[in-house]
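Next, two complexes with chain A in common: one pairs it with chain B, the other with chain C.
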Partner chain A sequence: MEHPGTFWGVIAWMIVWGVAGSVAIRRRYLQHDLDTSNTTFVGAMLGAATGPVGLVPLWLKTPELTNRLIVLPAIGAVVLVAAAFAFADPDSNCVANGSFVASQITNGIIIGIIYGFMALGLTLIFSILGVVSFSHGEFYMVGGMLTYYVTVVWLPGINPLLGIACACAVVFVLGALFERMFLTPMYQGRIDRPVEYGILITFGLAFTLQYFVQAIVGSNPVKTRRYFDFPRVRLPSPEDPWLVKTSRGNLELFDTISISNPRLTAAVACVAVLGALLYFLHRTWTGKALRAVSQDREAAAIAGIDPSRMNMLAFALGAMIAALAGALLVQAFSWLPQVGNIPAMRSFVIVVLGGLGSLPGAFVGGILVGLVEAAGTGCIPDPQKAASYIPAYGMVVLTLTLLLRPTGLFGRRYASGAHGKF
Partner chain B sequence: MKKPILSAITAAAAAVSLGTGPAALAECETAIGGLAPLSAPGTVVGGEAMREAMLIAEEDLNAAGGVLGCKVKVVIADTEGLPEKAAAVMEKLITQDGAVAVGGGYHSSVGVASKDIANARGIPVVFAETWNDTITGDKQKYIFRIAPLSSWASSTIWKHALLVPGIEKAAILTENTDYGIPAAEETRKGLATGGVETVIFSVDIGTQDYAGIVERIKAEDPDIIITLATGEAGYNFAQQSADAGIGPQDLPFHSGQVSLESKSYWENVPDGNYAFVQRIGVPENLFNEKAKNFAAVYKERTGKAAVESYAMEAYDSIAIIAQAINEAGSTDGDAIVAALENISHDGTLGRIYFPYGTQKDPSVDGKGDEWWHQWPDPALTVIQYQEEGQNSVDSPIVWPDAYKTGDAVYVGR
Partner chain C sequence: MRRRVPHLLGLALLAFFLAFPFVYSANDYPYVMHIMITSFFYAILASSWSMLAGYAGQFSFGHIGFMGVGAYTAALFSHYFWLSPVPTELCTEYRFGETWLVVVNPIGVTSTTLTQDCLRQAMEMWGDAVQPTRMPVWIGILLGTLMGGVFGFLIGVLVLRLRAAYLALFTLGFAEILKATISAEIEITRGQAGMELPALFESGVTLFGHTFDKTDKLPPYFVMFGLLLVCLAILAWLAGSKFGLFVRALREDQDAAAALGVNTTRYKVLVFVVTTMMAASAGAVQAHYVGIVTPNNLFLLQMSLVVAMAVIGGVESFIAAAIGAVLIEVALEMLRNSFVIGGVEIDMTIWRLVFFGIVLMLTLRFARNGLIAPLIGYFTRGHVARETVEHRLHPRAEEAAAK
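For the complex of A and B:
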C-alpha cells in the first residue's frame, strides 16, 4: 500500500463519525419518542459516509427511516472505503485491473449464492422448529458423498441428476426419521430445556453421521467428474471470441471473467431450486401451511394445520437443501467426512447476519459473505495474509452488523413470530 | 516406561512356572507408538498409507521374534494433522498406552508440537515424514528423524524450478503451518539466487475454495506455480487452478506430495496431467530387497499399484526403533537413544544411520544444528505425470540427473 496513512486516516474518521452518529441519532429519536429500531445503524452508516454533513440534517429533521435511508448510507460507507483504498493503493489489482475486479465480483456472487442456498435450509428449520441444527454440515457432506457413491462407485455412468435426486431423497428421509425419533419430545413437553436439547441432539447427530461415514467409507478425498462439459462456444466469432468463450470446464466472458463449470452449474441449480422453493412456499397449500406454522403455531393448528407434521417436513426439507448443496459441490471440491465443518460454520454466520428465520436474509447474507470474502482475498495487499483470513471476513461483517443491528439485516421484520416468519 | 520390562519379567516368570517355555514368552507386549493423520484436516491419504505401513512393520517384527522376546504392538494414534491434537495423543501414547518409543508422524506441525512432550518424558521418537528443520534443530536428546529436512526438500523444488525455460516469476501457495511457512521462505530464497521473483500466498490447512486466490495468482502472471500444501488442499487448489486456466496443463505446476497417491490424485484432479511432484526415496527399480518385499506386501494389502515414500518412511521408523531396542537390550529411553546413535539399519529407504548426536555435535563438521539425529541420505527426486491416469511410479523422474528417467515437459513455455 503506497499511502497507508491516508487509508487508515479515512477509516479512523469513519469510525469516529460512525460512533458519534449511532449514539446521537438514537438519542435524538428517543427524545422525540420515535421508532429507534434502525437509528443505530442509520446513524452509524450516515456518520461514516458523510460525517457531520449528513448527520446534522438527520438530527434536525428526524425523518422516518425508510428503506432508502437505511440502504443509501450503507452503500455510501462502502463506496468511501473503496475510494480510500483506491487512493491509498492505486497499483492494487483491485484498483488497476478491471478484469480482476470483475472476476472477483463474479466469483463472490457465485459462491455467495451457494452459501446462501445452504443457509436457507438452516433458516427453514429454525423458523419452524426453533432448533439451530448443528447437523447441517453433515447433511451437506452426506449429500455429496451419496452422489459420489451413486454416480461413480455403484452405478458408474448413470445420469448425475439421478444421483443427485437419490442423495436428496435419502437425506430427506433421514431428516424426517431423525425429527420423528428425536425432536418430537421437544414439542410434547417431555423435555425441560427444549432449546438446549435441540442443540445437543443435533450435535450428537452431526458426530454420529461424520464418524459413521468415516467408518464406512474411510477418509480418502473423493470427487465426481464435472456433471457435464460446456459445449464449445465462440462468440461473436470463432476468430475473435471476445464475448463468450467456453472450454469443457470453463466459461470466459468478455475476455475477462472466468467461471469454472462446476461452480456455475451449482449456482444456476441453486437459483432454480430457490425459485421452486419460493413457489412451493407461496403457491402451494403445504408451503402456506409451513409459513403459517412459522408465524403462529397455535393459530395454524386451529386452522386445521398439523404443526407436528410441518415440523417433520421442515426438518427434512432443510436437511435436503443442505444435501443438494453438497451434491452440487462434490464436483467442485474434494470430499471428506469432515467437509461439512467449514460450510456449516459459514451457514451459521450467514443465518445470523441475515436475521434468524429470514429466507431473504439468508440469501442476501450469503451473497454478502461471498462478496466480502472475494474482496478480502483479492484486495488485502499482503498476499500471505489475504487468503489466510478467509474465515475471518464473514465474522467481521457479522460482528459489525450485529453491533449496529442486533437482529441481523432482515431480522426485525421477520423475527416476530414464534421463531421468525418467512 | 518400565512397565513393559516388568510385564516381560512377569510373563517370563509365569511361563516358567507353568512350564510352557518360549511360546508363552511372546505373550508379553512392547508398545511402540505410531503417529499418523487419519482425520481431516490432516492428510488422510498419507496417514492411512503410514498406518498400513506401520502395521506391516509390526507383523514383520513379530514374525521375526519381536523385541526382547516380546510381541511388538504398534499403537496407532490419529493426530488429525493438528498440533494440539498431536500433543494430546503423544501424551496418551506415553502415559496410557505405555509406548516405549514412537514412530511415524506426517505433518511438521505435529512433530514440532509433540517432540517436546516426548523429550520431557524421555521417550525416543523417530519421526518419519515431518520436515521442519527445527524438529531436529532443537538438538533434543530423544528426537530423531529419517525424513529429509525442509530446507533440503525446498531446495529440490527451487533447483528444479530454476530449470524452467525463461522463468522470471513464481507463485507459491503454502499452508499456514510449521512445514509450509519456512518451506515457502526457503523456496523463495532459493529462487532469488536465480533471479526469480516470488509471490507467496498462504492459506489455512483444510481450505476448500481457492477461487479468489487463483484469480489473484492469475493476475500475477507467474511462470510456475508451486504448491506447498499437504492433504486434499493440494488437490482442491490444483483442480481449481486448472479450471481457471492456470493448472498443470497450462504452465509448469508443482503439486503437493500427496499427489503421489495416483488413484486419489486423478480422481480429485482430473485435469492434472503434467504436474510435477516431489518424491522421497529412490525409484522402484533401485529398491533393495527389503523395500521390494515391503512393497509387495503393501501393494497386496492396499490394492495400490505403487508404494509411497511416506509409507516406506513409516515402516522404517518402526523397524529402526525395534532394532534399537534389541541392540539396547532394554526399553529404557536412554538406552534406546544410545543404540539409535550407533545404529546401522538396513531399511526400505537404504542404510539408515545418525552421524550426529550426543557423541558428535554437527558443528564438529561445520554442519548446522538441524543435522542433529538426522539421517543424511534420503533421496529426493521430482517426477512428472505425463499421461492422464498414469501411476506415479511409472511417471518419469525428471530431476535430478542422477536418477533421471525422462525429460520434463514444460507446458506453455
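For the complex of A and C:
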C-alpha cells in the first residue's frame, strides 16, 4: 500500500464518527420518545459516511427513519471505504485491474449463492425449532464424503446425481433420527434453558460426527471428478470468441471473467433447488404447515398441524440442504473431516446478517458475504495473509451486524419462541 | 454425617494430588506427570467456564480464545523484551540504572531468512562477553492474566445486549478472529510456526535442598495445581457471596433480576472479566510449561473438550466441572492404546474422541446436571427434602426446641 496513513486515517475517522453517531442519535431519539429500533444503525452509518455534516441535521430534526434513510448512509459508508482504499493504493490489483475486479465480483456472487444455500438450511432449522444447529458444518461434510464414497469408492462410474441423492437421503434420515432422539425433550418444557441445550447437544453431535468420519475415512483429502463437462461453445464465432468461450472445466465471459465448472454447476443446482424449495414451502400443504409453525406454534397446533412432526421435518430438511451443498462442492474442494468448520461459521454469519429465521435474508446475506470475502482476498496486498484471514472477514461482518443491527437485514423483530430475544 | 462425605472426599483428593508426585515412581513418571499437569490446566478452564456458562448463563464459546490471549501475551513478552547489562545500540532500548531494557524488532520466521533480529546481531558482535537475560517468567504470566482480563472486559461490554445463541456465535467469532490474526501476522507472531517460550523455571529451582532442573515435572505440577486451587478458592468465594447469587439471578431471568435492583450490566461484565482472567492465567502458565504456543492451540477441538468436560462433570457446579476435567483428561489418555479386533486395527486416538462425543450427548440428554454434580448434591443436599417434610409435618417442634 502506498499511503497506508491515508487509508487508516479515513477508517479511524469513520469509526470515531460512527461510534459517536450511534450513541448520540440513539440518545436523542430516546429523549424525544421516538422509535429507536434502527437508530444505532443509521447513526453509525451516517456518522461513518458523512461525519458531522450528516449527523447534526439528523440530531436536530430527528426525522422518521424511513428505508431510504437506512439504506443510503450504509451504501455511502461502503463507497467511502472503497474510495479511501483506491486513493491509498492506486496500483493495487483490485483497483487498477478492471477484469480482475469483474472476475472477483462474479466469483464472489457465485460462491455467495452456494453459501446462501447452505445457510438456508440453518435458518430453516432456526425458524422452526429455535435451535442454532452447531452440527450444520458436519452435515455438509458428511454429504460431500458420502457422495465421494458412493460415486468413487463403492460404485465407480455411477451417475453422480444418484450419489448426490443417496447422500441427501442418508443425511435426511440422520437428521430426523437425531431430532427424535435428542431434541424432543426441548418442546415438552422438560428443560430449563432450551436454547443452550440445543446449542450444546448439536455441538456434541458435531464433535461425534467429525471424529466418527475421521476414524473411518482417515485424514487424507479426497475429491471427486467434476460431475458434468461443459460442451464446447465459441460465441460469436470460433475465431473471435469474445462473448463466451468454454472448455470442459471452465467458462470464460467477455475474455475477462473466468468461472470454473464445479462452482458454476453447484450454483446453478443451488438456484434450481431453491426454486423447488420455495415451491414446496409456499404451494404444498406440508410447506405451508412448516411456515405456519414457524410463525406461531400454538395457533398451528390448533389448526391441526402437529408441531412436533414439523420439527422433525424441518431439522431433517435443514440437514439435507447442508448435505446437498456439500455434495455439490466435493467436486470443487478437497474434502477432509474438518472441512465443515469454516462453512459452518460462514453460515452463522450469513444467518445473523440476513436475520435469524429469514429465508430471503439467508440468500442475500450469502451473496453479501461472498462479495466481502472476494474483496478481502482480492484487495489485501499480501496473498498469504489474505488467505489466512479468510475466516475473519465473515466474523467482522458478524460483529458489525450484532453491534449495529442485531435483527439482521430482514429479521423479524418478534420471532416466535424464546430465541426471539437477543 | 452424610453431609460431610464430600468434604472428606475433597480433602482426600487434595491429599492425593499433593502426595502423588512423591509417591508415584513408575518408569512413565514424566508422562503421567505431564497428563496430570494438562488435566489441571483443563480443570481451570472447565471450572471457570462453568462459572461463566453454568452460573451466569453466558454460553461463551470463546473461552479458549481468552486462554490464547494469555498464552500469546506471555509468549510475545518473553520473545520481545530482554534485559542487557550493556546497550546493543541496534534495538530500541531504555536504560534503568545499570541495565538496559531491550525491545527486539519483529522480523518474522528466522529459519527461512538470513537477517536476524537486532538482539541476535548484537549478541554475535559481543561473542560470549555479554549475556542478555530474559524478563522474569512471572511478569509474563501476570501480564497475560491482565491482558485476558482486558479482553474479557471488552468482549463483556460488547455482548451485554446479546443473549443465548447470539452470544455463543459472537464469542465463537472472537476466537476465530483471534486465531486468524495470529496465523496471519507472521512477522510478529511467527504464524503457524508458533512461538517458543522459556520453561517455567529456566534456571532450575531448589526446593528443600533438592535441585530440580528445567525439564523436571515436579515444579510445574505444583505451580499448575496451586493455580487450580487459587482459581477454585476464588470461584468458591464468588459463588458463595452476593456475586454468585446475583449472577444466578441473571441466568434465570435477566429482566426480573434488573427489576429487583441487580446491576445486570456490572455483574455480566464482572463475571466475564473474572473467568477470562482465569483462562488467560492458565494459558500463560501452560504455554511456559509446554514451551511453545501455536495458533492450533485455539482450535475448536480444544473448546469442545472444555465444554464437554464441564458438561459431563456438571456445568452448574465448578467443583464438579474441575473433577470432570481431570477424570476425562486421564480417561482420554488411558484410551490412547490402539488394539486389533478380528484383523482390523482400531485406531483409538480417534475412536476415543468419538466415544467421548457420544458420552457427551448422552449426558446432556439424560443427565442434564452432569455426572458428578448430582453425586455431590446427593450428599450435601440429600437431607434437605427430609428436613422440609419434617418441618411441614411438625412446624412447631423446632421452635419449641429453640426455646
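Note that the second predicted complex is superposed on the first by the 406 of 422 C-alpha atoms of A that agree within 3 Å, B and C clash if a C-alpha of one lies under 4 Å from a C-alpha of the other, contacts with A are read in each partner's own complex, and residues count from 1 in each chain.
In this section, contacts are C-beta pairs under 8 Å (C-beta built on N, C-alpha and C of every residue); 3 or more make two chains touch, one makes a residue touch a chain.
Everything quoted here is computed from the prediction, not taken from an experiment.
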**OP:** Return first, second, both or neither, reflecting whether A:L313 touches chain B, chain C, both chains, or no partner chain.
**Re:** neither
Subject >> Contacts of A:L336 with chain B and chain C, given as first, second, both or neither >> reply: first
**OP:** For A:A24, select first, second, both or neither according to whether it touches chain B, chain C, the two together, or no partner.
**Re:** neither
Original post:
Once the shared chain is lined up, is A:A392 touching chain B (first), chain C (second), both, or neither of them?
Top reply: second
Original post:
Between chain B (first) and chain C (second), which does A:Q214 come into contact with in this model arrangement: first, second, both, or neither?
Top reply: both
Original post:
Regarding the shared-chain residue A:I201, is it in contact with chain B (first), chain C (second), both, or neither?
Top reply: second
Original post:
Which partner does A:L324 contact after superposing on A: first (chain B), second (chain C), both, neither?
Top reply: neither
**OP:** Kindly classify A:F100 by the partners it touches after superposition: chain B alone (first), chain C alone (second), both, or neither?
**Re:** first
**OP:** Kindly list the residues of chain A that each of chain B and chain C touches, one partner per complex.
**Re:** 214, 384-385, 388, 390-391
Subject >> Residue numbers on chain B that touch chain A, as the complex places them >> reply: 38-41, 44-45, 47-48, 176, 199-204, 206-209, 211-213, 215-216, 218-219, 231-232, 235-236, 239-240, 242-245, 264, 267-268, 270-271
Original post:
What residues of chain A sit close enough to touch chain C in their complex?
Top reply: 126, 132, 181-182, 185, 191, 193, 195-197, 199-201, 203-205, 207-209, 211-212, 214-215, 341, 345, 348-349, 352, 356, 384-385, 388-392, 395-396, 398-399, 402-403, 406, 418-419, 421-422
Original post:
Can you list the residues on chain C that touch chain A in the complex?
Top reply: 53, 57, 59, 158, 161-166, 168-170, 172-174, 176-177, 179-181, 183-186, 191, 251, 300, 304, 307-308, 311, 347, 350-351, 353-354, 356-358, 360-361, 364-365, 368
Original post:
What does chain A use to touch chain B in their complex?
Top reply: 93, 97, 99-100, 103-104, 107-108, 111, 214, 218-223, 225, 247, 249-250, 258, 260-263, 332-334, 336-339, 342, 373-374, 376-378, 383-388, 390-391
